[in-house]
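Chain naming follows the written order as A, B, C and D, and within any one chain the residues start at number 1.
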């Protein structure tokens, strides 16, 4: 089991994923984070290398950094306690995200496919078919992720790397990646450019510039190309320049753990 | 000039709701400000066949759906954030009890904006191209769905975008931090879509954690985002959003959030929960006893309690509110 | 984390404006909160050929148009409320100097909303069927106008409504009551369309009557309708809306409103006005001298001054602001 | 001159017009007032017979009654001083007025025609023609009146009764009345029902239920059918039941003058 592979490491796979995600964010960017891992990754970036990142949540909570531990939600008291501005959904998701104004968004996925399409709506036995039938397992729906996927300049997808989560084609597109690939996004005029990376517990996938199919760009010190291929439900292409992601520096790890003060990322 | 609109929770539910209505929650996201106690009272009075318009799921929808009182729901997000899947809603959807029509969070807000504006449709630059547009739980055989988010042609560029259908719920029970007896309301924390909802809904009931004097509103008119002129009734109920949070007034009750969601995962658990936490109190005092007086005090002394400080001087005592309420009822 | 954005008025105009830009006023209606002093500085620096986006006319547009600095203007209302017609703008329109494209007040707000949303068009249920739709000052020979407010078909009902073109001004100078050095802003009094404008404009400059500490914003985050993340620069200028009013801070200067509008009725009067009230001061002190220190004090003690009371404790002194401003310039 | 006709009366023609307009408002209605006469008429109604009228301005100023005299504008300090809520234009003119939620609006006119169309945009020599040419006199534009005229349940138009202001056809429709009459409003789907009265300094005009052409419904104690016909620029029809408007009661006059404390209505 790959879980064992990190037993001797001074960080968890979740922490590696959060740090790798945080590294995708640049100083000064307008960035939107969801709840949980996405928020930890974002605030890690702010605390570590992007002090002037302009962080927001889809609730229209601005100027905040969480206090007292991982917020229970993007609107809860832990993130409301030191905000400088509260507005609303139209403002955050519409004026700032769907408009194209937001540089980068971080979203999660229950299932992702080779074109970076995300399913967070439900699990079906096989294809849904021509009539919309009940899911075997109902998930959370799109939330703001669809709006981020359509509008944010670029999107980083965070997902646990398991075969069932990496499908050739998602059962339901909750949030669009590159749809059926190539220039498909242009059909809909999306102002956002689409997902720039899928960052997993095992490595980093990036889209081919033309086909938009995601390929393996990098793996972690504790994972391998073989392990990743075995955990991906499609025939994942591997970059000829596939590289190892640098391990967390002591500063990165210390900073992340200050942000993740309740240790959410160390529990798994 | 205006008259007091204070009404008891039971009377507000009796007077403004009935089976089968389009009922909207005025919620600030899944773990925040929502009039969850209004949902408890809907169940106490046996309301059913509801068509729920919830920008996001909350423990209210989770409870109502888990109790099989919801036939249809429209939602942007159907989980409970860090608390995971909403087991009551999930069970209702998976069993076919509740038909859940999916949108995104911006879509729900935009549809309320469109309802408030009385536009025939709202331009959609999101949700198009995904299964949110192509799949309709309300018209499952219409695939790709043609009536849910149809295309509209931009007359300036000639290109096609989507069109959302506006929402105009029959009744919205909107949770607010502070209301005056006339129906002016202050929300602390994100508004989410409560501003738009208060204009889109045909009737608006405020459910307020605290009642303040109108002098508070005259001091802070820019905070009064819901004015009395569009409000039917004001219900006073402390900890109305419990176990969720109300910034400035109380924190999330983590323990009960988990307990409640676990209970709603099964029919039996839901029945037990209803017995203990829906029909298990007679009045505000009994409700606060259920929460636990110590816990309530601890939740009220959270990291955001300073947000309430400027307004405390105008907060009315339960006795003052009771006197006003009986005046209206008379 | 964020950095101070305080900038002198002259530097803000120098850095963010140039001839021919789409320049938006962030105004709260014709006699209220508007960054009129920003317009004075535009004239001091000789800016011209402006395309003015003014939800409503104010004394700023009246002055800029009267001074022949405006080629095109888009407006919902081009008067001065109780102070009558705006003589400078009127003269510019009647002479053909300024092409004035008419919309209604809702239309201008909706167009800013559409710009903020990045919608390709905005549904129009007003302005259709009137000459606002049929006549275009920007395309006078296109009659009935086909590109100004074209028709769009509602895909749900099949009926036709109108479509407004969204607005995305190059620069907006938005008047606010209070700003912190980072660019968080509080407006007292009606927002009018400043919220939407702050999201529609490509660059936002705040012009604030007073600068407060960020602690003020953390105490009242729901009042901060313009967050720092979308603001380029903060200009401190007391009585920035003079002779108009800024609720909580100062009243309308009735005498100067009339004097100014009378002056703008003629070319000579306008030249005299510019000499005395546009180029007639070197700094804030000189500006306050022009208003008259006694009058300024009287205007500040008006019927709404109590609205400022909760915030006074955080207001920074001119010396503190000067220290911060020089820090940024360095 | 009709100005002389009121010389011996204890009220001015403007005051009669304001009181007649105020009488159109009913208790409990959601009502929008413009600046000046319209606001005085509205707040007179609130002070006199409609205490629960829900008064608003297009600036989104709610719960206010003016203090210190006639407000200089719908947003100025005199009306902001005791408001309970300030919002914005989208809210007031969009959510509450264009939506059809507002019961009644009072608007003014520089020129009005027999179908109740209002011009506040400009004065031209003759018709504008096929090319939009410069007005001889530029007026104030539509402001919020177009939005009120489209959306408010009904509209009351206040206008000084002079021949040049009462045209067979206005040069420019700033705010729609019944357009070319009959069911013309239905072509545009306006949610508001259109103007219910034109209240002037000489009398009250109302629309024919079918043709929507305005006819003379009533004149004042100091005016006459003949005087009104002479001051109307179209062939004004007179109701067979034309009546005299009741004079202001002492209570009405006293109330109006309390509202109009700076005497704006007594100056003309």
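What we mean here is this: a contact is a pair of C-beta atoms (placed from the backbone, for glycine too) under 8 Å apart; a residue touches a chain by one contact, two chains touch by 3 or more.
These numbers come from a predicted model, not from an experiment.
Looking at A-B and B-D, the interface holding more C-beta pairs in contact is that of A-B. One inter-chain figure worth recording: chain B and chain C are separated by 37 Å, centre to centre, where each centre is the mean of the chain's CA atoms. With centres taken as mean Cα positions, chain D sits 57 Å from chain A.
Centres computed as Cα averages put chain A at a distance of 29 Å from chain B.
Chain centres here are Cα averages; for chain B and chain D they lie 40 Å apart.
Annotation for chain A: residues touching 2 or more other chains are 80, 86-87, 94, 98, 151, 191.
Contacts with at least two other chains are made by residues 117-118, 125, 159, 161, 188-189, 191, 195-196, 221-222, 307 of chain C. With chains as nodes and touching pairs as edges, the resulting graph is of another kind, matching none of line, ring, star or complete.
Across the whole structure, chains are in contact as follows: A-B, A-C, B-C, B-D, C-D. Residue ranges of chain D in contact with chain C, taken from their complex: 35-36, 58-61, 67-68, 70-78, 80-81, 86-90, 93-94, 97-98, 117, 121, 128, 130-147, 150-151, 172-176, 179, 184-185, 187-191.
Interface residues of chain C facing chain B in the complex, by the touch rule stated above, are 114, 117-123, 125, 147, 150-157, 159, 161, 163, 165, 186-189, 191, 219-223, 306-307, 309-310. Residue ranges of chain B in contact with chain A, taken from their complex: 28-33, 55-56, 75-79, 81-83, 85-86, 89-90, 93-96, 100, 102-110, 113, 125-132, 135-137, 140-141, 143, 159, 161, 188-196, 245, 247, 251-252, 254, 257, 302-304, 307. If you check the complex, the residues on chain B that touch chain D are 1-3, 116-118, 180, 182, 184, 195-196, 199, 214, 217-218, 221-222, 224-230.
Chain contact summary for the complex, chain D toward chain B: residues 30, 46, 51-52, 54, 56, 62-63, 80, 82-87, 91, 94-96, 98-101, 151, 191.
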